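Should a chain be cited, it is by its letter among A, B, C and D, assigned in written order, with residues numbered from 1 in that chain.
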Amino acid sequence: MTSPTKAEGSGSTVALDPDLASTTEVAKPKKLEGRSPGQLMWQRFRRDRTGMFCAGVVISYFVIALLAPVITALSGTNPYTLYGQDPTYADQPVLDDFGLPLGYLGGVSGEHWFGVEPQYGRDLFAMLLYGMRTSLFMALGVTTLLVITGVTIGLIGGYFGGRTDYWVGRITDFFLSFPQQLFFIAFMPVVTAFFVDPREETPTYFRALAILIVLWLLGWMGMARLVRSTVLSLREREFVEAAKVSGASPWRIVRKEILPNVVSPILVQFTYQLPSTILTIAFLSFAGVGFVEPTPDWGRLFAAGAKYAEQDPAFMFFPGLALVVFVLCFNLLGDSVRDAFDPKSGR
Amino acid sequence: MTTLTKTSDAPAPTGPESFLSVRDLKVQFSTEDGIVKAVDGLSFDVERGKTLGIVGESGSGKSVTNLTILGLHNPRTTTVDGEIVLDGKELVTATEKELEKLRGNNMAMIFQDPLTALSPYYTVGRQLSEPFMKHNGASKKEAKDRAVQMLEKVGIPQPEMRFDDYPHQFSGGMRQRAMIAMALMCDPDLLIADEPTTALDVTVQAQILDLLKDLQQEFGTAIIFITHDLGVISNMADDLLVMYAGRAVERGSVRDVLRSPMHPYSWGLLSSMPRLDGNIHEELTPIPGTPPSLLNPPSGCPFHPRCAFKDEVEGSRCTDERPSLAEGRAAACHLTAEQKQTIFIDQIQPRLR
Amino acid sequence: MKSFNSRRGQAIVVAIAAGSLALTGCSENKGGNSDKDSKKDQKEAAVQSKAVTYGDAKASTGPAPEVPGAKPGGTIQVYQEAGLSHLDPGQIYVSDAGQVANLLFRGLTNFQEDGKGGVSVVGDLATDSGTSSDGGKTWKFTLKDGVKDENGKAITSADIRHTVERQYAEFIFDGPTYLQTWLSGPKYRKALPDGGFGKKHLPDDVLETPDDKTVIFHFKTAQPDLPQTLAMPGYTVVPEETDTKAKYDKAPVSSGPYKIAEYKVGKTLKLVKNENWDPKTDSVRNQYVDGWNFDFGVTESTQTSRLIADQGAAKNAIQLTGAVESTKIQDVITTPEVNKRTIKGYQPYVMTLNFNLDRVKNKKVRDAVTYAVNSKSLIAGEGGAYGGDVAPNLFAPTLPGYEAKYDPYGRLKTPSGNIAKAKELLKGVPAAEKKLVFAYRSSEIEQKRKVALEDALSKVGITVVAKEVDAASFTEQIGKLDNPYDMYVTGWGQDWPSPGTVVTPIYDGDQIADGSPNYSHINDPKVQELIKKALSEEPTEAAKTWKEAHHYILEKVNPAAPLWYSKQFQLYGSNIGGARYSTESSYIDVTRLFLKS
Amino acid sequence: MLQFIIRRTVGAALTLFLIGATTFFLFVAAPSDYASLACGKDCSPARLESIREALGLNLPIAQQFWDFMSGIVTGRDFPDGHCAAPCLGQSFYSGDMVWDTILDRFPLTITMTAGSMVVFLVVGLGAGMLAAYKRGSTVDKVATGASMVLSSFQIYFLGPIALTVLVYSTGWMEDPKYVPITEDPVGWFVGLSIPMVVMSTIFTAQYTRMARASMIEQLAEDHVRTARAKGMSQKYVFFRYAWRGSLIPIVTILGIDLSALLGGAVVTELTFSLQGIGRLAVDGALHKDLPLTMGVMLFGAFFILILNILADIVYAYVDPRVRLS
């Protein structure tokens, strides 16, 4: 039963915790007449200094990765040359007889900004940059794919409900029950072994594709569950009911009424999913089923770094630090995005 | 039920002998967006056995005021100034321990939404018994007897059996009754009812209101009744406080305020209410504009941006000078008493009748 | 096949090293010098390549010489990365199982070492290293008294007959084939299809067991190396009554100082004392410790870290066939306390880049690749100077006939490759022939090898199509005659110190078959002729012929570019006593270990 | 309850069947098989055929699959013995019954996982709750900051560092090893403490964050405020009212995290050279050992499914509104 004043509405959770929604939300419209939720979010986000800083860091990672060839042109190195072994560079030795980098911090020098790789003497700076490029763009691709899949499946389940939802739910459960990591180990080699002519080298893009497929197949469930539950609760809301009664087509309802309301959880989930995908890709490399030499790969660099850790800690230090900073910033960014969308969640 | 007949003629409340006395209360939250002055210099009194109604829009500070009385504000982000005296005890400066002893015992609160205000994880019986056991040192058995008794009193059938039910097994009305029973477990002297009936349908609403009145008569409880439903207020309250932007803008007995309101905002409120006996062809007149930002309240009279009568006041007093609220029957407005009278009779009353 | 079972080849699990960021982070590495040691290694190798002597009855009589300071008791912990592929003696050919076999099984003969590089063959089950007659065509062995299997049953000539005959059965396929081939020719399986399990046995003119103690082999040609052949783990005894055929691989019956208490494939192997082994019958093995615990699945990196740290159980631990992780070599060398717990020496393996002669027909291309490859960068992946030495030719330093200075491709001068020469050779070679498919195992170390190879060859204009092959089936894949690959890295080591065990299996055209180690598919009449000649010659004459064959193969045919000689570098715990390098196995000598406390 | 368990068990069985099918058919689609590997050098077609026959690889694929799956229920007979139900077949490579092999290895994985789960739930939830309770205090800031940073680390990064510091350079502890918990609980704990701590660190960090956020959310709930308005003490409200509600999202996430947990165990095993299910998976893939791989995948999935059902039961226990049906 709606009492006449009910329209006043959403201020039901009046502040036990007053920095919560009601005051802010009630306060705002006066000043910022007609702001969309997106604009509001942006407003809040911009005020969050940690968030802005992390966003800056994350974006710069992507820019650096994208511009890897340009930046390595500056350093004058590339990730493929064996500086320690190549006769061309014999006059500038970078490795000792044990194959360990000469000089300080794993061979940091004017030429090799982050030092060189033990044994071969490849340039770590270039390897890291190109490796980040591989990992970041793979992760971006995988995450995008699984967000799209998850959203679609979640929408279908949540919107249609009933039988459809039941079966979608079962399928999701099925995929969730897969022992993922075991599956990766057992089947990445199988997947890459498909369709490749033994005369030809397994192309890198094919490996990328295989990783993409495997991660995608076993990665969309979290997103699907999230979207499903959000949509399920939205479905019961008045405005959706109203749209239904007014005869809007399901597609229209989904597009105009539901999607805009699930954008924020999706975006939040996306910012959490991306770093975790990077770590999963790194896991594949760790287990020896990811990208292979000489394709520069962040995860493999990290794993190899751990191997040289005792003798050449710098080799683990740079990629490791880069990864930790990146994941940390991305997680903080995720928190900020979540807070911006939903200031209630609080920090 | 929405007539204005049942009001009492009690005089405007006066300070010292009041059971609850709030003086110059200021509540501020620091938020990311800045300082929110949720309550800004509020004073009122409530006597034993009487009901004070508080009306106002959302965000006008009603709920915050009452949470502050109970001490349920977040101490981390909130600063409270002024004084709240309950039966001679100062509450603003009281320690958490002291407040705990008072809460649920001397003062209790009925919350707005029975759906969320009861914990879904414990049985209704347990939630009822807890405060009784704590405040009265009662045994489990005694607490259960008391709870069953209270449940029966608020009209829950088969209270013995429902005692072990979870809130989700109750209907909305029953949950609200259970809330009321819970608030009354320890015979509180002060009962704050924050829109206790908003979420309920009309018949249940009436039952609940009757119940509250009966209980008040029986126990002599002082009640603060928050609502934005003027119909309910006219039925329940003895005195009325109209709040706007964290301040009281008008005060008086229910009868006076509803019969002859003196503040433009009160006029607006009354005009925007539909009446059962009103002309159905008559258009409702909403108050123009939106509630003010408490982060950055308007200068002078906070209502001036929405006030249709600010031109009647000389010069720019409305925008520059904050009108004060006098003791007793009063309104915080720069209009003179005559102006108010004239405007009300000429322009407002026709709309209401 | 002492096929090089790459130290890390089998493991696809990435080894993870322990990391101590703080310890070496801020010190400057000025570069150590490891040349001196490698010179010394070569001197030692010269000793290693001495020919084997045959011991008499006295040398074959037990007990084995006491190890100074040895004490009985305790259990030795053994770390090993990959699980054992076989434990059925007939199936054992690779060194990890061979090491275990030396504790469990006895053959007619065995190698005895003096610790200075001198190796002799002595009788093990037999009273001596065998007596030949008929110009080496007939060999007679007499069994010692008191040799028993773990069940206490005496080992008789019937058991020896059975051991030989079961090699003909289908279920034995991974072991050595010298003896069978010598007895019954290359198609030996046809001679005894049911492997002696039925009524049919090898006739007396092939294998004769006139009484319980005597075994006589009859060959069509002279087999002077027979005592060494019989010392291989693959020819150790399988008591007839206990043979469970294919299931024997998991639960073999012991005849040596230890027996299997518990075996979980790929996980653990526990050995305890075999009470039925009589030390008086064994001149090689000691039985100091009470037992052995093998842990499989311990990566070389972890093995090394544990042994360097030398804490707790690791004090009693050894590496079986694992080596010091290449990146940790420096740590070992530069810490005297750790360095003294090492075992160093050349392994018999020569790592080569094999060309598939059916596909890479242009010798100019092969030569160019041989000039271009960068041995130095490949060795860097093995741990530098302690992992391997640049190989100028196809004979390992441990092989009799080794020529340190024989360097037809100038490898020693330009270990990083002679690019100019390679480019010159490739002038005029059509582009299609300059595209080569390189097959490598899907393991981390081989991926890195590929990087080094690709890098070197691309400099001279050769397009490398790198093809990753599943690590487990790599040998099978490249062993196929019609494999689609142009080149692959393989390693081969002698089965006993004679060029015959190197040149014959890998360069003899007669051996070409699916699965044969002649991975280059070299089928050159001249080579075959020289092999035949050498095999029938007296040792000094033969040495000359082998040399001629070696030079001819490397210079005129060039089926495989020599890359590096692999070196052994193992570590053991501080409580291990009696540790020494076994020249024969090229690993730690397991027959004489004890625990100091 | 009974109905719930029956229904979920049927569902789980169906899921296992589908996972088995996926594993099986993906595996047999791979280019190389065990028979050709086992045949070794000098492989004659006859021997290859006899190996294939011995392994049952000569049968039609559907038949092989059916034999395998039905064997789980009914048991199977192999030439060298009977394999009682639940029979996961006989490993191609080792010839052992896969069920026995898994029973030999799985205790490590499961006790290690359970151990770290206890650690990260106790420490993670504890720290999270404490941080929420003392919101804004130094304790909160330290807990939040540390969990933020630690959750960005990885097992294979922390593992080697822990080993170096605790084992190799100081000798404070011995190398991780597995002692069956039934034999020697103390030895088990000492042997696996480093892996468990490393494995649980990242999860602890994540659950600290989660518990804190969840708790703060709960503290803002109306019913918590009601409880305070009743005069219940802050502590009482915190540990009775808010804590219960804050568990719900955590139990949900835990259910989803189970496979990640198993994955964490796999990485941990590989990092510390421990012989658990992860090593078995590697071996299965390496040797093209179909029954072993099937066994590992099915057992892993079984583990996840069982714990999922448990999580649901816990969920229903925590939240009376949820009924198991």
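Observations on the structure shown:
By definition in this document, a residue touches a chain if its C-beta (ideal position, glycine included) is under 8 Å from a C-beta of that chain, and two chains touch if they have at least 3 such contacts.
It should be emphasised that the depicted structure is a prediction, and the values quoted were computed from it without experimental measurement.
Of the two interfaces, B-D and C-D, the higher number of touching C-beta pairs belongs to C-D. Geometrically, the chain at the heart of the complex, using CA-atom means, is D. For the pair subunit B and subunit D, the distance between C-alpha centroids works out to 54 Å. The mean-CA centres of subunit A and subunit C are about 48 angstrom from one another, to the nearest whole unit. Measuring from the averaged C-alpha position of subunit C to that of subunit D gives a distance of 40 Å. The residues of subunit B that reach two or more other chains are 72, 113, listed in rising order. Among all residues of subunit C, those that touch two or more other chains are 12-14, 16-21, 23, 305, 470.
Contacts with at least two other chains are made by residues 16-17, 189, 193, 286-287, 303, 306, 309-310, 316 of subunit A.
Across the complex, subunit A is touched by residues 11-12, 15, 18-19, 23, 26-27, 29-32, 148-149, 151-154, 156-157, 160-161, 164, 168, 213, 216-217, 219-220, 222, 225, 256, 259-260, 262-263, 266-267, 270, 277-278, 281-282, 284-285, 293, 296-297, 300-301, 303-305, 308 of subunit D. Interface residues of subunit D facing subunit C in the complex, by the touch rule stated above, are 32, 36-37, 39-44, 46-47, 50, 54, 80, 91, 93-96, 101, 104-105, 156, 159-161, 163-165, 167-169, 171, 174-175, 177, 270-275, 279, 282-283, 285-288.
Subunit C makes touch with subunit D in their complex at residues 1, 10, 12-14, 16-21, 23, 83, 170, 173-174, 177, 246-247, 249-250, 264-268, 295-299, 302, 305-306, 308-309, 311-314, 470-473, 475-476, 479, 513-517. Across the interface of their complex, subunit D is touched by residues 70, 72, 76, 96, 100-105, 108-109, 111, 113, 116-122, 127, 130-131, 134-135, 166, 168, 179, 182 of subunit B. Partner subunit A is touched in their complex by these residues of subunit C: 12-35, 301, 305, 325-331, 333, 374, 376-377, 380-381, 383-386, 414, 416-417, 419, 437, 442-444, 447-448, 450-452, 454-455, 465-468, 470, 484-485.
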